[in-house]
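Look at the two complexes coming up: chain A is in both, with chain B in one and chain C in the other.
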Partner chain A sequence: MKVRLEFRGGAELLVNGVTQHTLDLDDNNNKWTVARLLTWIRDNLIQERPELFLQGESVRPGILVLINDTDWELLGELDYQLVENDNVLFISTLHGG
Partner chain B sequence: MPIQCSTGCHKNAVLKRPKTGDALCKDCFFWVFEEEVHHTITAAKLFTPDDYVAIAASGGKDSTVLAYIMKLLNDRYNYGLKLVLLSVDEGITGYRDDSLETVKRNEQQYSIPLKIVSYDELYGWTMDRIVEQIGLKNNCTFCGVFRRQALDRGATLLKVDKIVTGHNADDIAETVIMNILRGDIARLQRCTAIVTASEGTIPRSKPFKYTYEKEIVMYAYFKKLDYFSTECIYSPNAYRGYARAFLKDLEKIRSTSIIDVIHSGECFSVRDGVKLPTQGICEQCGHVSSQPVCKACVLLEGLNKGKPRLGLGKTSKIREHLKRNDENLEGVVASDADTHKINIPKTINIKQLDF
Partner chain C sequence: MENWSRERLIEELKKKESENQDLQQKLEKREEDVQAILAKLIQDPTNHHIIPDKHQHPLNHREVARYSRQLILPEFGPEGQRKLSSTSVLIVGCGGLGCPAAIYLAAAGVGRLGLIDYDTVELNNLHRQILHTEGRVGVAKAVSVALSVKALNSHVELVPYEVALTSQVALIIISKYDIVLDCTDNVATRYLLNDACVLGNKPLVSGSALRYEGQLTVYHHNGGPCFRCLHPKPPPPETVTNCSDGGVLGVVPGMIGCLQALEAIKLASGLGTPLSQKLLLFDALQGTFRTVKLRGGKSDCEVCGETPTITKLIDYEQFCGAAATDKEKGVQLLEADKRVTVKEYQDVRMKETPHLLIDVRLPVELEICALTNCINIPLKQLGKPNSIAVIEEKLSSVRTKSIYCVCRRGNDSQLAVKQLESTLSEHGCQIKDIIGGLTAWANKIDPTLPVY
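After this line comes the complex of A and B, so read on.
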């Protein structure tokens, strides 16, 4: 299953400054929820200081998540089930303005 | 199933508003966001027709959205304002020089003229050189103190009537918490004011006082506004960061917390008879100061005399010692600073990373 990830607003600094990532997730056995995706990102993409991205099971407060340009708060947050070609965007609000 | 817009416009919602919990579509969100800022501006009577207004622009999200909104509302509601972008160049290679490129693009995108004032021309020191002298521990004190005055000086040069800054609701709530933690009652009283003005200074206002950071970022994203978002290379762990993390945790539990904290800050009153520092004028440079000589002049004197730690302790103590014994100053100030384990920059009330 193809999923696109995007990091902006300073969140890209957590993943080596790379804003766009295309993933090919193996979905034979288990469904991919956002919760599972976050753990995957922590284990596979985050270079250092994972606490700047995750706090407990969710993203650190202050990082906004949009799935296909819609606020994840309208989509069930961690429980949202990813489908083919979903675009998941993380925007940090914690950087200077 | 997509959720529909709370306004009943039959379009799909794209975000949940933190302030109200409403689900809004893109168009209704834009409208509500713009109208709320317009309401803030008119309710507080921030401007009068023909005002010449400087927008403090750092190239970051808040000031970029502010510049866009000021232009939009000025056109939509005929405020009759003449606008100018005012940027401060602190002289931080790899941070400010990049963000100034963003401001230069904003100048073109919004057709608002731009004026840049630099620490180098105002004080003879860039932040890069100050950090060489002082190291990474107290540098934010210098930057914050100098920036506040730099904006005033830039505004004076331009002869503007007013300054607007991009401080949002989250910033103000953070400042309330910081001032409570520091026990700084004088600033606690001032920091929630939508307009700050004292004798002889150009009034500053905050049109985003009631605007949540989340909405500013969402607005910038959906409008595809061009902003710069790298952390200042010299302040990865400034004191404000703790207040910010705490507030974000509170917001997660209850999203109205931010407005609630601002409201609490507004409601604090000081008992009669408590003596508060009065604001006067610096005898050296003429800027507003609660001391005979302002913090910027003390810091600058330290830098120029090769004693950069001057001014990092208590200002009044330093002035005393300065009068009594100029020669022993270094030792006195160092021991004074050492007794403060956590060196909290008392003078910084405004945001450290941006303005």
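After this line comes the complex of A and C, so read on.
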């Protein structure tokens, strides 16, 4: 199952500055929920200081998650089940001016 | 006191307690007085919230001539113009976002503009804060913006406030305006402004920009979320980057500030669909605008929900664990004997004492300025094996065990010392940092070194 990840607003610094990632997730046995995806990202993409991405089960305060350009809060957050070609955007809220 | 009897001690304690109570009461009275004085002080010159009802009056000849190009837009028209000219907008922050927002609102003919900024103009502001001028470095930003705006449109009523937006003054000031623009530069003020707008029931047009990216949305409007609905908890302070550390291309806040003016004009005139429950993301490098859909207002939000727990403004610096400014604050991580002043380090150089100088900034920063004979290893690379190999090789070729770390202002250099102390622990090195970094070096030793 192909899934696209994007990191913006400074969140890309957690993944070595790379803003776009295309994943091919093996979904033979288990469904891929966002919760599972977050753990996978922590274990496979985050270079250092995983606590700046995940806190407990969820993303740390200050990061918004958008699935196909929609707030994950409207889609079931951690329980949302990913489907082929989903786009998951992690955006760190900016504060500069 | 140790000789006093138990009775005497109890008596003394009672006396102190009663004194305490008196003081407490006096303090409370004082606080009430302060509030009353602030309320008087912050009354704007006209001392009314609603601008005289220009709705009812036809536009005069001057207004028709001046705004003709937007008056002939059917959706806006004279009705939109009348609404706009009877609207007051508060701009919080007269910087990279506030400048373009203020000038476009004034150009379009808004009724009143409030301009808040406690800060003064600095040379390094001018690349993005385009209403300030070289001649106004050192002048209050709120006043500087008012001067530029007045030159463009003398009919807009201008109220500059040279104050920091604090929990004491926020509600009083906001109550005098119809729409609020968040053009600030730090997390604490953003939470403060959000809560104040919810409590004062005003729409909040929020913009932000950093590096090559900008974000824009309208909070607390028409069932949409407030900032707290999206972010109930503040981000860890170390994850927040400001413009002075992260950098920003001037056009980026320029774009977002213009769009904030646009959203305010839409809210004032009833034109189009405001960016509520939507977040606009601008990516300057890709040249893309993208609008994503946000959650609605949360029923369990602490400030705008059904049973709010925040019913008055709190201490936002404490809540966020960060100061309400984007100015650099010096940190002290090392004991004094592991730090040298720039004068002491100058002696080391003059006496040609063998040592290794490691500049821990990014390579792009060394292109701006650097001391001679340093090696460059960015802080993030410092712990890596190849970096350690480079340092070991240098130490043996210079035949020294003395290392000095330097950075821009003397914060990262302290982190560098801590890092090196652990990775080079077996070598018995003496590792120190230079207090105040290259900024202090430029100020005290070599004024030809550029400061950025």
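In the analysis below, the second predicted complex is superposed on the first by the 93 of 97 C-alpha atoms of A that agree within 3 Å, B and C clash if a C-alpha of one lies under 4 Å from a C-alpha of the other, contacts with A are read in each partner's own complex, and residues count from 1 in each chain.
Operating definition for what follows: a residue touches a chain if its C-beta (ideal position, glycine included) is under 8 Å from a C-beta of that chain, and two chains touch if they have at least 3 such contacts.
Keep in mind that this is a model prediction, so the values were computed, not measured.
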Combined model on chain A where chain B meets chain C, clash or fit: clash
Which superposed partner A:Arg4 touches (first chain B, second chain C, both, neither): neither
Which of chain B and chain C A:Arg36 touches, first, second, both or neither: neither
Which of chain B and chain C A:His21 touches, first, second, both or neither: neither
First, second, both or neither for A:Leu52, with chain B first and chain C second: second
Listed stretches 165-173, 381-389 or 417-425 of chain C, narrowed to the one that overlaps chain B: 165-173
On chain A, positions contacted by chain B and by chain C: 8-10, 60-62, 64, 66, 69-71, 73-74, 91-97
Complex contact set, residues of chain A against chain B: 8-10, 13, 60-62, 64, 66, 69-71, 73-74, 91-97
Chain A to chain C touching residues, read off their complex: 8-10, 52, 60-64, 66, 69-71, 73-74, 89, 91-97
Partner chain A, residues of chain B touching it in the complex: 2-3, 12-16, 23, 58, 60-64, 166, 168, 213-214, 216-218, 221-222, 227, 229-232, 244-245, 248-249, 251-252, 351, 353-354
Contacting residues of chain C [partner chain A, same complex]: 93, 95-98, 183-187, 190, 207-211, 213-215, 230-236, 238-243, 246, 248, 253, 279, 281, 283, 290-295, 326
